[in-house]
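Shared between the two complexes below is subunit A, which has subunit B as its partner in the first and subunit C in the second.
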Partner chain A sequence: MASEEDVLRTEIRWSYVVAGATALILGAILFAGLARGINPPSNLERIDPKTLHLTGEFAEGNLGTRVAPNGDVTVRIVTTQFAFVPQCVVVPTGRRVTLRFASPDVIHGVLVAGTNVNTMVIPGYVAQVHSTFTKTGDLLTPCHEYCGLGHSQMWAVVRAVPPDRFAADAEGRANCDRL
Partner chain B sequence: MNAPAGSSRFTVLAGSAIGAILLGGMLFGFALLPIIQGRQAGIDAWTAFCRSLGIGPGTPAASSPADTAAPRPVSDVAWTGATLAALAGAAPAAPPEAAQQCASCHGEKGIAIDPAFPNLAGQSAAAIFKQLHDYRSGARAHDVMTPMAQGLAEEDLAPLAVHFASQPKGSLDVTARADRNLPVADLVFRGDPARGIPACQACHGARSGGPIETPTLSRQNEAYLADQLRRYASGERGNDIYGRMRGFAAKLTEDEIKRLAAFYAWTE
Partner chain C sequence: MIASRRLVLAHLWTAFIAFAAACVLGAWQMWVRSPLRPPLATPENYFLSVTAHGSAMAYVLTTFFIMGFGYYVAETALGRPLPRPRIAWAAFWIAMLGTLLALGTVLSGRATVLYTFYPPMTGSAVYYVGLVLVVVGSWVWVGLMVEAMRRWKKAEPGRPVPLAMFATVANAIMWAWTTVGVAAELLFQVIPAALGLVQSVDVGLSRTLFSWTLHAIVYFWLFPAYIAFYTMAPAAAGGRLYSDTMGRLTFVLFLLYSLPVGMHHLFMDPEHSTGFKFLQMVLTAFVAVPTLLTVFTITASMEIAGRLAGGRGLFGWIGALPWHRPMVLATGLSFVMLFFGGGGGLVNMAYGMNAMVHNTSWVTAHFHLIFGGTVVIMYFAIAYAIWPSLTGREAGSFTRQRLQLWLWFIGMMVTTLPWHWLGLLGQWRRVALFDYTNPTIAPWAPWVIVSFVGGLILLVSALLFVANLAGRHVPALRALPPRYAQSHHEASHVPTALNGFGFWNAAVAVLMLAAYGWPIAQFFVEPSPGAIVHRVDR
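Up next is the complex of A and B:
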């Protein structure tokens, strides 16, 4: 029969294995975060949900895709019961795109199929995700956080087009109708 | 019972291993990762560290293009605590004086004298308040209602809304209802996922939990309902915040509009 010392030695041996596994997991998180830019959306930016429709950035006329004079592409989407506004946004492939979401009512979720865009949209905060789209086509974008009775009918489309087909107007706006 | 030999050594070893992992994890998560990632976004080490702890509202991690477009709100109504509190009050014992003007079209008890006008009896107070507010601000326009609402003071709106909301809805004529019962239940209760149309009841049903300003539609006048859906679809009416109704109405066919209007007009 094993003595107390034997048991102890076994436990210590196994604790090395546990420590090794933990170090491996932490290493993987570090690698993903530093080399691949994968981390939980960590943008902390507050916005008043009660006056979202009255404020500058998320007023109805400012939503959709916008190209800045320096070439930065930003997409602004409002998630509301029970629709994404606008329902279709257009983005260029091969370019870094900033997606910014806000909600005036309840918690919604956004998932752009096949990309790293996957975030919750919490009223009171701006959810921000950066992505570089590689696949062209209409990417299905469902709400993936139960938001009410119309949740299952709430979806949008992110239309990823090659850079040569992506065109913005004089104000830097691009929308699905122009394609 | 005596501790077995080597037990204290094990406690120290395990304790320091757990402590090291905890400290290491905190160092990675709160300092190392945010500082290195923040460098790519042009954020200094101290700011990045504070953001990772959730202290202080951060600026966007990467600069986003400034928005030069001026906001053009579709409605000035904001559901602040003060507004909601005014609407939550009990109905005044006597109708507000301003209600007399409403009565000439909407009826003394909120049942419209002409089916082209909406019934107000039993309507949600928030819905009545928002529409009055929007007529006042110009977000919604009507030849009669715009001057009427502009003649009211801001503080008149909530008592009026609460007064009409507290009136009982009109009774249904069951005999007339029978020939109006057109099949449209799929849209009403299930919506059309393929077209991105949520079920009407998802917001308009009793206690459904949609936006606060959503009106109740049951026993509303058929002609009024159909007319408003057409106006939303054409964009002539556009005081729905974030185009919730404009978007959905534009996807409906004329036949569906007629059926939906009939459904709600003749449903409990």
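Up next is the complex of A and C:
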């Protein structure tokens, strides 16, 4: 049977394997984060849940999709028990889109099925994610964090359309009704 | 039979009754989520059930099992009576009172906030106070474990603390650290809100405090499984533990790296910067180290047993192991589930990939496979192993025990593998009723039915487990002393650092300050606008 030195030697060899495996995993994540810019949503932007619907970007008239004069596309959505406002938003495919969410009441979360859009929406903070949509169609966009008894009925639609069908009005607004 | 048998049995039975009841709820929940809609399938009932299932499994099964098993180890591994048994009983009744208050409130529908609370949603204060009492009971247990080890070291100066007890105290100390986060959240934020003393809550702070507890609590649950791997499985297999020192190192690394990593639950949260998420992600990767060391050491220990039993060749020793023994079988099945569950965990941990799976069924699958699978199957094996020394009676045969373990393994795989797949398709979690007419959701239906069948298999296994423990046992032919594995090379001396926890406590403090110092301080330096309390109990 193995001597105490043999045991030690085997264990040290195995610890190289462990160190190598850990380094490989961390290396892959580091590469994705630094070289490909894949990082979690962390914009640390505060907003008062009690007043966000009264003035500013999350007042009702400013919600939905907006194209800035420089061409940037931003979508603003309020998540509230138990609905997304607006319930449908339109985005162009093949263009970088910024999505901004805020909650006036409890914790919500949002994911867009089949995309990398996924964030918590914490009252007190603006949640912001960027994405470039590739698939067209009505993408299922549920609230994915328990927010009360109506949680299961809380969902929205992200309507991804080809760039030639995406049209904004004179003020830069685009919405699902116009399609 | 051991002196504190009544104390240990009281804890274990409380744990297992809560467990069996929670399995009934779990199977019913899968039925509700499927297109087969059972009776009483309303959101009210579903979320009440989820809250009860989570609270019973995560707080009652685990805490009572770990306390009971700790008392057992303290007496049997140290070979001394338990210090202060009356205080241990007092702690039991405190935790029992807390359990009854918490679960009673949930069942009355006044605390449907799920077991992870989610302030500013706020249920009845009685629910939270009940859970605090469970934790208070466990704090008394922490003190008793530390005292039992201290008395033993005083009586046996210079000798290494037996590995099973060393690990139990490592877990107790880790648990004391772990509970600080959730205790602060409950005592300073949630309970004042539930009592109506404050009208708003800083949700960023409450989530951060809860994350402090969230990862380490899982390692608190996991410790007994690892104690069984190191100190029971090699003996059951007829071999020896390959390395006692590696066991000590593993338990110390768990103490160290379970705590400063909880923010990986907040990767998708907006209240923290990328820097601290990245730091805690790196520390999370280190948690894989003690598990990889364990896989090696236990496999090597099993190989010793297999070769002693006549196994030859590179893999021949595997077939030569005594798989008919429940402890050996459970260890093997546990490792298979650890392989799948651990792989899923690596995806969760990779903070970019996390966006694909966050809050989907993938996560539900991951923690059911790791906790419900890898860990709980070892709770079964431990119960089967120690039952004869608690009751003085032996199971007539191992057949029903093996059947129960296989059913649990198969049920867990059938339940959770479809969940992983559905999570990748975008199925989000914590939903009572899916709209199966939606074209995105419709194709999920068959897979949800498959996992409901898995849930039923788990329920059968859970009931069989209780029956196996309560059922007819034959009186033992001889006294049944507990058996712990001997080390391949008996540890006659170990470094002081691996025979106590003073140094490691200091190290945990430094790591926690680095990992959580600013993330918590930021909420006081620049307070966030509070969220208004939303009551669900009226």
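Everything below uses one rule, namely that the second predicted complex is superposed on the first by the 177 of 179 C-alpha atoms of A that agree within 3 Å, B and C clash if a C-alpha of one lies under 4 Å from a C-alpha of the other, contacts with A are read in each partner's own complex, and residues count from 1 in each chain.
The rule is simple: contacts are C-beta pairs under 8 Å (C-beta built on N, C-alpha and C of every residue); 3 or more make two chains touch, one makes a residue touch a chain.
The model shown is predicted, which means the values in this text are computed figures rather than measured ones.
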Subunit B versus subunit C as contact partner of A:Glu45, first or second or both or neither: both
Partner chain(s) touched by A:Arg100 [first = subunit B, second = subunit C, both, neither]: first
Touching partner for A:Glu11 - first (subunit B), second (subunit C), both, neither: both
Subunit B versus subunit C as contact partner of A:Ser152, first or second or both or neither: both
Partner chain in contact with A:Thr22 - subunit B first, subunit C second, else both or neither: both
Touched partner set for A:Met120, first subunit B, second subunit C, both or neither: second
Touched partner set for A:Gly172, first subunit B, second subunit C, both or neither: first
Which of subunit B and subunit C A:Gln128 touches, first, second, both or neither: both
Touched partner set for A:Ala83, first subunit B, second subunit C, both or neither: first
Those residues of subunit A which subunit B touches in one complex and subunit C touches in the other: 4, 11, 15, 22, 26, 29, 33, 39, 42-46, 50, 81, 105, 126, 128, 148-150, 152
Touch list for subunit A against partner subunit B, complex: 4-5, 8, 11-12, 15, 19, 22-23, 26, 29-30, 33-34, 37, 39, 42-46, 50-51, 53-57, 59-62, 66-70, 72, 74, 78, 80-83, 85, 87, 98, 100, 104-105, 126, 128, 130, 148-150, 152-155, 171-172
Complex contact set, residues of subunit A against subunit C: 1-2, 4, 7, 10-11, 14-15, 17-18, 21-22, 25-26, 28-29, 32-33, 36, 38-50, 81, 103, 105-107, 109, 111, 113-114, 116-128, 140, 142-152
Residue ranges of subunit C in contact with subunit A within the complex: 43-44, 47, 112, 114, 118, 120-121, 202-204, 207, 242-243, 246, 266-274, 277-278, 281-282, 285-286, 288-289, 292-293, 296-297, 300, 304, 346, 350-356, 358-360, 425-426, 428-434, 438, 440-441, 488-489, 526, 528-532, 534, 536
Touching residues (chain side subunit B, partner subunit A) in the complex: 4-7, 10, 13-14, 17, 21, 24-25, 28, 32-34, 36-37, 51-52, 54, 57-76, 78-80, 191-193, 196-199, 201-203, 205, 208-211, 241-244, 247-248
